[in-house]
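Structures follow.
Look for subunit A in each of the two complexes below; its partner is subunit B in the first and subunit C in the second.
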Partner chain A sequence: MRKMSGDSELGCTEHLFKVLVIGDHKVGKSSFVKRYVRNQFYEELKTSIGVDFSMKVIDWDAHTRVRLQLWDIAGQERVRGLNRVYFRGSSGAFVVYDLTNGSSLDGALNWKRELDCQVMLKNGHPIPAVLLANKCDETKVSRRNASLLEKLCQEKGFTGCFQTSAKENINVDEAAKFLVKHILQINEESMKEEEQKIHLKPQTNTNSVCC
Partner chain B sequence: MSSSYRNRIQEFKLALSEQQVDLKALRELCFSGIPCEGGIRSLCWKILLNYLPPDQTLWETFLEKQRDVYAQFLREMIIQPGIAKANLGVSREDVTLEDHPLNPNPDSRWNTYFKDNEVLLQIDKDVRRLYPDMAFFQRPTDFPCQLILDPQNEYETLRRRVEQTTLKAQTVNRNRSGVTNVSSPGKALHLYPSNEYAVLPNGCEAHWEVVERILFIYAKLNPGIAYVQGMNEIVGPVYYTFATDPNSQWKEHAEADTFFCFTNLMSENRDNFIKSLDDSQCGITFKMESVFSRLKQKDTELYIRLQEQNIKPQYFTFRWLTLLLSQEFLLPDVIRIWDSLFSHQDRFEFLIPVCCAMLTLIRDQLLAGDFTTNMRLLQDYPISDVHSILIKAKELQDSL
Partner chain C sequence: MCCTSQDVVVNAESSVSSSRVRLEEFKSRAKRSLTESLEGIWKGGNKSKSQRENSEGESNSSSSTTLSSTHQETSLQEPLCSLLLSSPLRSHNSTGNLKHLEGSDRGQEDPESPPQGFRRRASTISHSPMLSSSEPSLPPLQPTAANKPKLVRHYSVSTDSPHQSNPSSSPASSSPVCQRPLRPRSFALDHSTRPLKRSDVAALSSPGCVIGDDSPLRNRRHSWRQQIFLRVATPQKGSEAKESTLEVGSRMALGGGVGGGDKTLGALPEERRKRSGAELRELWRKAILQQILLLRMEKENQKLQASESDLQCKRQKLDYEEITPCLKDVTLVWERMLGTAGRAKVRFDMDEIHGAVGQGVPRQHRGEIWKFLSEQYLLRQEVPSAKPPNNDTPYKELLKQLTSQQHAILIDLGRTFPTHPYFSAQLGAGQLSLYNLLKAYSLLDPEVGYCQGLSFVAGVLLLHMSEEDAFHMLKFLMYDMGLRKQYRPDMIILQIQMYQLSRLLHDYHRELYSHLELYEIGPSLYAAPWFLTAFASHFPLGFVARVFDMLFLQGSEVIFKVALSLLGSHKPLILQHDNLEAIVEFIKTTLPNLGLVQMEKTINQVSEMDISKQLQAYEVEYHVLQDELLDGPSTLSHSQRAAQLEKTNGSLRQQNLDLLEELQVAHAKIRCLETRVDGLVNRDAELQSQVKTLQQEQTDLQQTVCKLRDLLSSLGISNPCPDLQILTNNNQ
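And then the complex of A and B:
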């Protein structure tokens, strides 16, 4: 697993998490990442081919620093065969769709399904995934649709859902904070579990085969 | 212009003046770079890509024939369906009797029409963003396609078709899960808000529109592969080279010539774009692994370092290989690399040592960097001097 935690300075913990950004072609994944990482927006970004990699460092609180590796996976059908390689070891995901393109929501649900097949937490649960309804500056979401979306989100096992606009910088940081919070929580829980295991069975763990 | 450069041009001119062009000699010359003067590159690429036959006396009739063939494709695949659409829209009684938009028959002309629209929209989104840092593709061509723009013809052009289809898509969208799309239809008109993407006035065509047409015709003629994202990046440099040919007679036919050269290029490169072949010997996975196995032979230390850091070839060579490095360098440098690729006897085999050279040339940085730094380096390749890369690649290849 590409998730490392360690003490850097006195009492300060550093975490490294791999986070996927997935969704159909042209829904604004790269724009979301550019806004989040560099606070910039470009009207005419090139189509991503393969995977784009970027990094964001967050000083979460006085003694926690989080390094987010963002893996922006190209949306076209063609690349899906490689997803197994790209998804490996990720701790969380943004699943993006375009509010002005209805079929991209179906696409997002497919991506979520694939994600859950490819990666899971040690306890077998799906990794936290946040659904982003992007380009919310271009359209208004009715109350009815908003509650439908909320319901859909729960049904399909998303951790949460945000209406975002990379262009107008709406909810970008909020969505990211939300995801990181959940990743950190899970991380803490699993560390506690590990500790308990060690306390409960101090000797039986020696015959495990490592690969 | 230095005298050695002038000599070089002379060498090319000599090689190209033979009645029967000596392919082997020409390949050797081109491998070290083709001069951009006098349309030499545009001519050499046509020969290297097996478009023009080596016998010069055949060129004129051959080109005439091919350009006619292309015009026929335009008539069959753009003009006729456009006229049919215009007529169907007018004479309603025919529509309900024979064919209509809701006809479920797979042979229905409407059915084909809608399927084609999906491909067209995909192409449209990508070609508008072709080389956004260069003005060339946004500029009007000196030779808009007269066949298409003929004012006598009342029919639906590709441009019109894109506009109409995007309008429709805005109002009809409803997601299967019951979430309706509530965007205001007026927005559709501002699909591409920045002025740069404003459509040129009637009678004018931007270069990207020509590229769009080439890709659309290719998709129609090759339904098995149709259009895959990234193909636009491959047509781009070829079209640019042909459309800037100083010989205006050749420049005028850049569209048709690009189409055939692109088709030939794809016949050798298409396996990279076919998903079902990904894991086969000719597919992209094998090629990506080859870069690493070559590296292992040439620079074991670097190979081990990348392995340790869990940097997989898939993380960066996918783009390098499928797009023939066209996104890693500036257009003139891409074109220079392609001189060597096109003239190599095994064509894209040479791409593997080129990728390997790109890695070894930044070995010190890679050996010192951590995962993040290295991924950034590989995704945003730091060296712009492609000559040093090509020299290194040749060295790696010869020292096998």
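And then the complex of A and C:
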């Protein structure tokens, strides 16, 4: 596990979070990442084999800088076992499915289950995961189905759900912001938790504290 | 009935170029006959619809009775019934032999449709995306402090971590409040407490889920999918007619991608409340359009076949930069070897071949040279290859069959060499050949089927030779050269390969190894595609071609050698980077494009390396380590341990099978040698008996001579000349 946060020279906090991007193949994982990181979209992307990384640096607020290490993991069934090792140490996940492909939603739920089995927060809770209904430029979800989606997403333990389009750049930043916010919250909680513990044992906490 | 032929014609014309007069003729004829027949079918009501779903034979007959008898009837009625099943779907049925369907028609379409073709096809109605996109579906909810969980640290731990206090608690088993602390609303997490209806789930993902679109309808659609899937997965007993209907039907499913048949559907104004005539009409309309497209594609097919040997195509395929430019005299050497009469039976000098490969392979002969190398390899095999496919079905026959891997293959078509002109054209010659090749292979080798990565290997082959040759070479690489193992569903071999590569780095480039270890970069982060595509996915084609030259000459070890040599020769550059992202980024993207000189150097190193012993040793090591790990920590829970044991059991079983295979090969070898020994013994006995008879003859003759001599002396003749005469007379 790499250093997750630390004080930069400006006295601001810098966080490094590993975030998984998972889902069946061809649902648009790589496109989502490319759009988010480089704000570009390619019609013809090579199929991902193994895992690809990208890094996104976000100046969250005046005091916080977040580095998101996005792990874009290939979706084909049999490569999955191989990629489980990559789940380790992740702080959050985007679980992507393709609105135009029904089975990919089932796939996304499977991915979520697998994610929860492989990795969890220190306290045993699942890590925050956001469900992305991608390719929403191609089809539309009615209000009724949107609420169904929301319900499903609650039932399956997702932190949230967004209809996105990497192609048309819809909701990409919003979804990412949402996830980062939750990761930061959880982070803060755990900081406080640690502080409390440390206060119990009379010691001072020197670990990264927001200025 | 609102579905007039006029309607369809107008819509169809928007997607199909009007210049194709003959096609138009076909189209309107098909449309007329179909729309007329639709009415009759719908009047039969939904009952007959479901029957059609279940029994193709029935629907076949029903459509044949309703179709007006144009001369096209035979060609139309088959696909139509299957279209009902297949047109709204994306996959799970086979496209049959798609050979040589050219993509040139794309040029005449609406410029916006081609890139979307594949994805669009599934949607039945087009809408403006405004509504859904403008409202984020789930407003972030502020957590209340009261039910916030006690978090210790902000990052996650994996389940196998010893810190974990409650390893067996699955998310579902703990209380909802505890599970979803960030959400003030209370709800059950357990799947069983408030399960969503299956139809709801389907509706969420279905393209046509608009207001008023009922979920039962989705259900029904889903059952079509399953049905077709089942049919593809277990093809029905060789009834030709059924197969062909499916084939044609799915061809049209593909065709929908080309023509963007959805546009017409989008123009449909009516609001559909129930699954009724409107829905069916929709499908029929799609069917008609796809039929039209099919006809067009078939025409293109013929055209393509006519120009198959077109030189331009070859030029396009071979449009890459050689990294080892082949000199004229080397080319002559190759041409001499390739031109040898009865080449497949002649053993050439291996040193000469090695030398020639080392000096370069001329691009224009490369495909032929690969075939030549494979012939030479097989000639030197004492016994037939380690594990020949039991399936000897010829390529052309395989193309007629259906594959369960269709979906996976289709998905990767547009994502294999997407920037190469030969493969980039959607449903162009390249993609169709690739589809055929991968489909045929998946049928030949059901265990491997299709695995991501294979498409690149197949693609490289297709750039250098005809489809059928490429099929045989793929078979050769997979079975004889040992690429096949790494694609097996469990992918354990790939893991072993990663271990082997790590160990090689450790032994040969310690500094680099430590650097990578420091940043926790295992080879699977960068080298998985190297192995699964034989470097084809990330490296320039000139380099890939050289790798393949070596691969055909030396087998799958070459991948290790190239990997090792690449990493080794770029060591200083890799050491300059000092974080995970930068290093992996460098290895994955910068390194492949570093220039010809580096590449050539790498290849030259490869031909001199020999690492087979190390590889073998490391593989054994891997298994030993695995066993040790299993015996080691007893901190695991029973279930985990059981799971692990099961896994080990599985891999041991696989290992056993592999060994069994090897044993069989060895047995075959022994048998072969034994028969040879038998032959030799027999021959020895034969020769000995021959010697005996000759000796016998000799003694006989000597006796005769003696007798004659006695006779002569008894007759008192001492003149030698008559002597001889008598002798010769006697002999005669």
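The rule is simple: the second predicted complex is superposed on the first by the 196 of 211 C-alpha atoms of A that agree within 3 Å, B and C clash if a C-alpha of one lies under 4 Å from a C-alpha of the other, contacts with A are read in each partner's own complex, and residues count from 1 in each chain.
Throughout what follows, a contact is a pair of C-beta atoms (placed from the backbone, for glycine too) under 8 Å apart; a residue touches a chain by one contact, two chains touch by 3 or more.
In this text, all values refer to a predicted model and were calculated from it rather than measured experimentally.
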item	value
Most subunit A residues touched (candidates subunit B, subunit C)	C
Which superposed partner A:E189 touches (first subunit B, second subunit C, both, neither)	second
Which superposed partner A:Q163 touches (first subunit B, second subunit C, both, neither)	second
Subunit B versus subunit C as contact partner of A:L152, first or second or both or neither	both
Partner chain(s) touched by A:L179 [first = subunit B, second = subunit C, both, neither]	neither
Subunit B versus subunit C as contact partner of A:F87, first or second or both or neither	second
First, second, both or neither for A:I73, with subunit B first and subunit C second	neither
Contact residues common to both interfaces of subunit A (with subunit B and with subunit C)	2, 25-26, 43-47, 49-55, 69, 74, 76, 78-79, 81-82, 85, 99-103, 105-106, 138-142, 145, 148-149, 152
In the complex, subunit C residues that touch subunit A	90, 115-116, 119-120, 122-123, 127-129, 131-133, 135-138, 140, 143, 148-159, 163-166, 169-171, 174, 178-183, 185, 187-189, 191, 194-196, 200-211, 213, 222, 225, 408, 411-412, 414-419, 424, 451-453, 455, 489-491, 494-495, 520, 522, 524-526, 528-529, 532-533, 537, 580-581, 584-585, 588
Interface residues, subunit A side, partner subunit C - complex	1-2, 4-5, 17-18, 25-26, 43-47, 49-55, 69, 74, 76, 78-79, 81-82, 85, 87-91, 97-106, 116-128, 133, 135-146, 148-157, 159-163, 165, 168, 170-171, 174, 178, 181-183, 185-191, 193-194
For the subunit A and subunit B complex, residues of the former touching the latter	2, 25-26, 43-47, 49-55, 67, 69, 74, 76-82, 85-86, 99-103, 105-106, 109, 138-142, 145, 148-149, 152
Touch list for subunit B against partner subunit A, complex	122, 125-126, 128-129, 132, 169-170, 173-184, 187, 192-194, 196-197, 228-230, 232-233, 273, 275, 278-279, 285, 310, 312, 314-316, 318-319, 322-323, 327, 372, 375-376, 379
